[in-house]
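In this document, chain identifiers A, B, C, D and E correspond to the written order of the chains, with residue numbering beginning at 1 in each.
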């Protein structure tokens, strides 16, 4: 760890928001520096290209989504998770309170908007089946990236594919009360929404660096856990040009805090059964091949 | 075609020279870019009259025809043709063969020729009959379906002439209609033109560089001078309505008249 | 300009009629769309010779000039001009004034006129001197900076002529160069052309519809017949190198010759 | 006319003439394959042509089915664009007032990113074929309009005068002179539009669709099925080349009837 | 020449001439405002013009700063596109072999959705200005090329023959005849490209940028700052109209030097 600090690039999954409070704390409080790492955190140029960037070595680490990691590995992209960040699904189904929809069964004969991705459709199917309906009992409408607007405008009765820690708040701030249906309440295995990802090559070639990074990273989230609003201050301070929507992120971080160490697991932990259960479910939904080995997709040895 | 109703309108117009003049131009001036091209040009022609206009190149002959036809607007002066006073009224009611042939490249000889009839709403069948009637005389029968780029220069000129004369207008403005034709073809078209005039009481105003042509065809030859363009002389030239040059070109009066006009012309160019 | 080195090359070419012929066309045939336009056309001209080509409209005169200049390729036969045998060799080494004026619309009179010089890499200053030298004679001094669309028809024709004659080529092909000019302007340009020929030993091949012009200017008049185009008669016409029509047009030989040619011409058209 | 080649060469020479083009394409594909191999580019980043080819044959049915849907959208969108472009261009050429009033609006329409428009589109017209047609129209009417305006504007004014002396009304001048002489420009616009319509359809499908090649790419992308994405691009390219070729064929046919000058094309490189 | 209006009217009439255009624009804006009010359209869906105007003035500094960056990208991208377009078009017109070899490639290039290209772009050229320039070029070189090809192709072949008789080489014919006579078409392509370059820049900025109007819109969108998105669109529209006007001004200036026929424009609606 002595000598020149090592330059490390971390790509975020999206523009800076409350989800990233911990990593900025680690930067701000010098946890990375302490480990001899010179870390720069960048928002993604193109969110869909993030895992490609990791696999090709353009970026050392990224924050990304667990199901997508498995799908990437299904296609042979050599990426692995080295820490868990958000330990529950954030992706959820949402309906306006006024619609009276409180459980999947209420959706019978209703219109559900999806972003048009197979992943969300599979999630919806499982949720419906868990409450005694089938996919054919609802009308699926692909509304692309206009979930909020469609919901607010009443074009659809419910949407799937929105974050209950973000869109919920946004809608509330706009004056819309909503009901949220969490997928892990309705048959979908609980998975890690956000994980820290790196490439197999990095794990193999530079394990000490990964070790140090994960240590500092987890410490950062620990700090954010202790002082959530303070971490948002840090986030805003370090990203003056990012146009951070304070109103949403201040509320959001309070919802997120419990998720950073849910199920009694410490910050950063990765639990094997949860990978297996998600993997089995994804295989059942034909989202990945049966040949994918979920336990190869993560390396929990760095968090300890 | 529409001369009767409009003729009555002319009665009220005081600038019209004489009631029987089918074409009357008076005091016309025209500028391009603030340079006077025509100044106080006046002329008139009665029914059945054939007037020739000669003058040095660039003196404004084509400009004058553009004004009469309605393509250009005069700075001053009045132009009345069969009772039509405004520029837009005259447009389309005077047959005008321009100096350039201006054939539409995507229309065959027949298609170009019938343009004037087509624009008046005359049906394809009827106009084809009209075109065919004259195509033989104009020597265009063989090329009736050819495209303009397949024609010789003289053929193009004949198509332009045919197009101009097909609509039955009382006034015919012809800007060098025979310039690209050989002597024999030219002769037969000249003869045809004289016959048309004879039988229909039209007015023909012919711009030509060929002094012999002017004398042979016209009843009167007007001489234009340049800078600014104006009419400086008028010569009577009654040599009958049929051309047989062999007789005429040796006749002393003809030679005299030709010399006279050529002298006038060379005076103009020397002064200039 | 480049005739000397290429002339020697001709020695080896057997199809060249005579060594002193500057222009020699032999057995040329040409088709458009499988229709024979020219058939077995032969002619030759020596240094200093002025040859006129007359014939009914559409008989193939312009096509022949296109072949000689190198714009078109003959189906059969050979064309040699100052030793240049292939089409591409001839292109650019024969001055050719086409029947259409083909002025570039974005170039002024001066710009269009100097085109041929410019293409040979002659500098602006030098070519401007050349243009100005002739502009006065061609009556273009006043419009030297005008754009083509500001010109009268006759002016456009004079610009095209000026452009064609400025490059100093041994052979001049002129397709109706004076058709749109009044008698006086035409006379002075004709005289200039004769002087050029006198002093430079060029060959001039002139296409014209004006039989008098042909007789007055040319040493020989070739008569073309149509369908397919071919040369059917050759008439000697030595009326001296200076034109003063007043003397000539009354002279009995002149009138006789003109009648003769007109008869030949009308025979052609009647046969056709 | 050795300087010029006629539009329609005979078939034999046509086939021979295509050989260099085919050779170039093959060379490029081989180069790509080799580069992917040599530089060890991962197939999820840029698949080798061989991989794409395999995917093409494996998913042939899927791709053609979706391509059919995309093609229908394109054809409808294209037809709407042509009508719209002709109407706007005519208005612009007809009067300066129309020109000045409409230009800022149509230019502004080109600066709206579809992603901004998407919520409005989906809410107002739904996610059926209409929304894709609108996106295609947004992409294609502009080049059609601008090219047509240019063609209509640079008409020979002496021809206009000639027609007027024959009594042509403004409308007749427009129909009988301006439209025919604007055809070459018009077809230039159509060619751009034909090609751009393909990407327009893809983007239209990106925001709300359940079929079409754009939809296929959208769902293949997050699943890291890069080979399928590129296979879809290959199909899209074939579609675009086909549409372009169709416009060229129509152009040849129409311009044989309405030749701008002589019916010939100048080729400087081939004498 | 009453049938024709000269290109350059005098200033006075020019200002009066713009009145209808201004009136139309104002009318549209008012209609928009009223519709938003009457239909009770939520401002996160479609903000009223007044809201956008407020945002425009509130964020004036922010918007102009980002607009400046976008403009720089556009100018560079545009310059590259023009060079590329002229080169490709010349090659296509020069020889049929080049035409056949290159057309399929350039058409295919137009069907690649930028979203697919993005990972490659980011990895190969990074996210600096270069990647945006590439996207702009991808959007703009195609209309430039196609229009220029059309202009170069429909040259008067009699003029070509005339120049040949004067000894012009192929190159001289190209420079002295074909280029000048292709100018109207070329400018039609430039006009399309000028406008399209703006959206090209936005999309380029969408994938990897930390500044520029596209970046601003991308981060404003998910935050429901719809007013800011529309304010950015207004700035983009002004940018596009400005670029378009610049091309028109250059066109007027160049075509006054190289008039295709007479230096006049036919206006049918105004006699």
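One rule holds for everything that comes next: a contact is a pair of C-beta atoms (placed from the backbone, for glycine too) under 8 Å apart; a residue touches a chain by one contact, two chains touch by 3 or more.
Quick caveat, the model's predicted, so the values are computed rather than measured.
Listing every chain that touches chain A and chain E alike gives D. Number of steps on the shortest path from chain B to chain D, with steps defined by chain touch: 1.
Over half of the residue numbers found at the chain B and chain C interface occur in both copies, marking it as a same-residue contact.
The chain pair with more C-beta contacts between its two chains, of A-D and C-E, is A-D. Relative to the C-alpha centre of chain C, the farthest chain centre belongs to A. Here the CA centre of chain A is 86 Å from the CA centre of chain C.
Per-chain CA centroids place chain B at a distance of 30 Å from chain C. Centres computed as Cα averages put chain A at a distance of 40 Å from chain D.
Mean C-alpha position of chain C lies 49 Å from that of chain E.
The residues of chain E that reach two or more other chains are 1, 3, 45, 115, 119, 123, 158, 161, 164, 206, 260-262, 271, listed in rising order.
Shared contact sites, meaning residues of chain C that touch two or more other chains, fall at 71, 100. The multi-chain contact residues of chain A, meaning those touching 2 or more other chains, are 48, 52, 56, 149, 153.
The part of chain D that touches chain A in the complex is made up of residues 42-45, 115, 118-119, 122-123, 126-127, 206-210, 215, 218-219, 221-226. Interface residues of chain A, counted against chain D in their complex, comprise 48, 51-52, 55-56, 68, 71-72, 74-77, 116-119, 140-146, 149-150, 153, 155, 287. On chain D, the positions that touch chain E within their shared complex are 1, 3-5, 17-18, 20-21, 23-25, 28, 45-46, 93-98, 100-105, 107-108, 110-113, 115-116, 119-120, 123, 142-143, 146-147, 149-151, 153-158, 160-161, 164, 170-171, 173-174, 178, 184-185, 187-189, 191-192, 195-196, 198-199, 202-203, 206, 214, 217, 221, 229-230, 233, 236-237, 239-241, 244, 260-262, 264-271.
Of all residues in chain C, those touching chain E in their complex are 66, 69-71, 91-94, 96, 98, 100, 102, 104-106, 115-116, 118-120, 147, 149, 163, 167. For chain E in complex with chain C, the touching residues are 158-159, 161-169, 172, 176-177, 180, 257-263.
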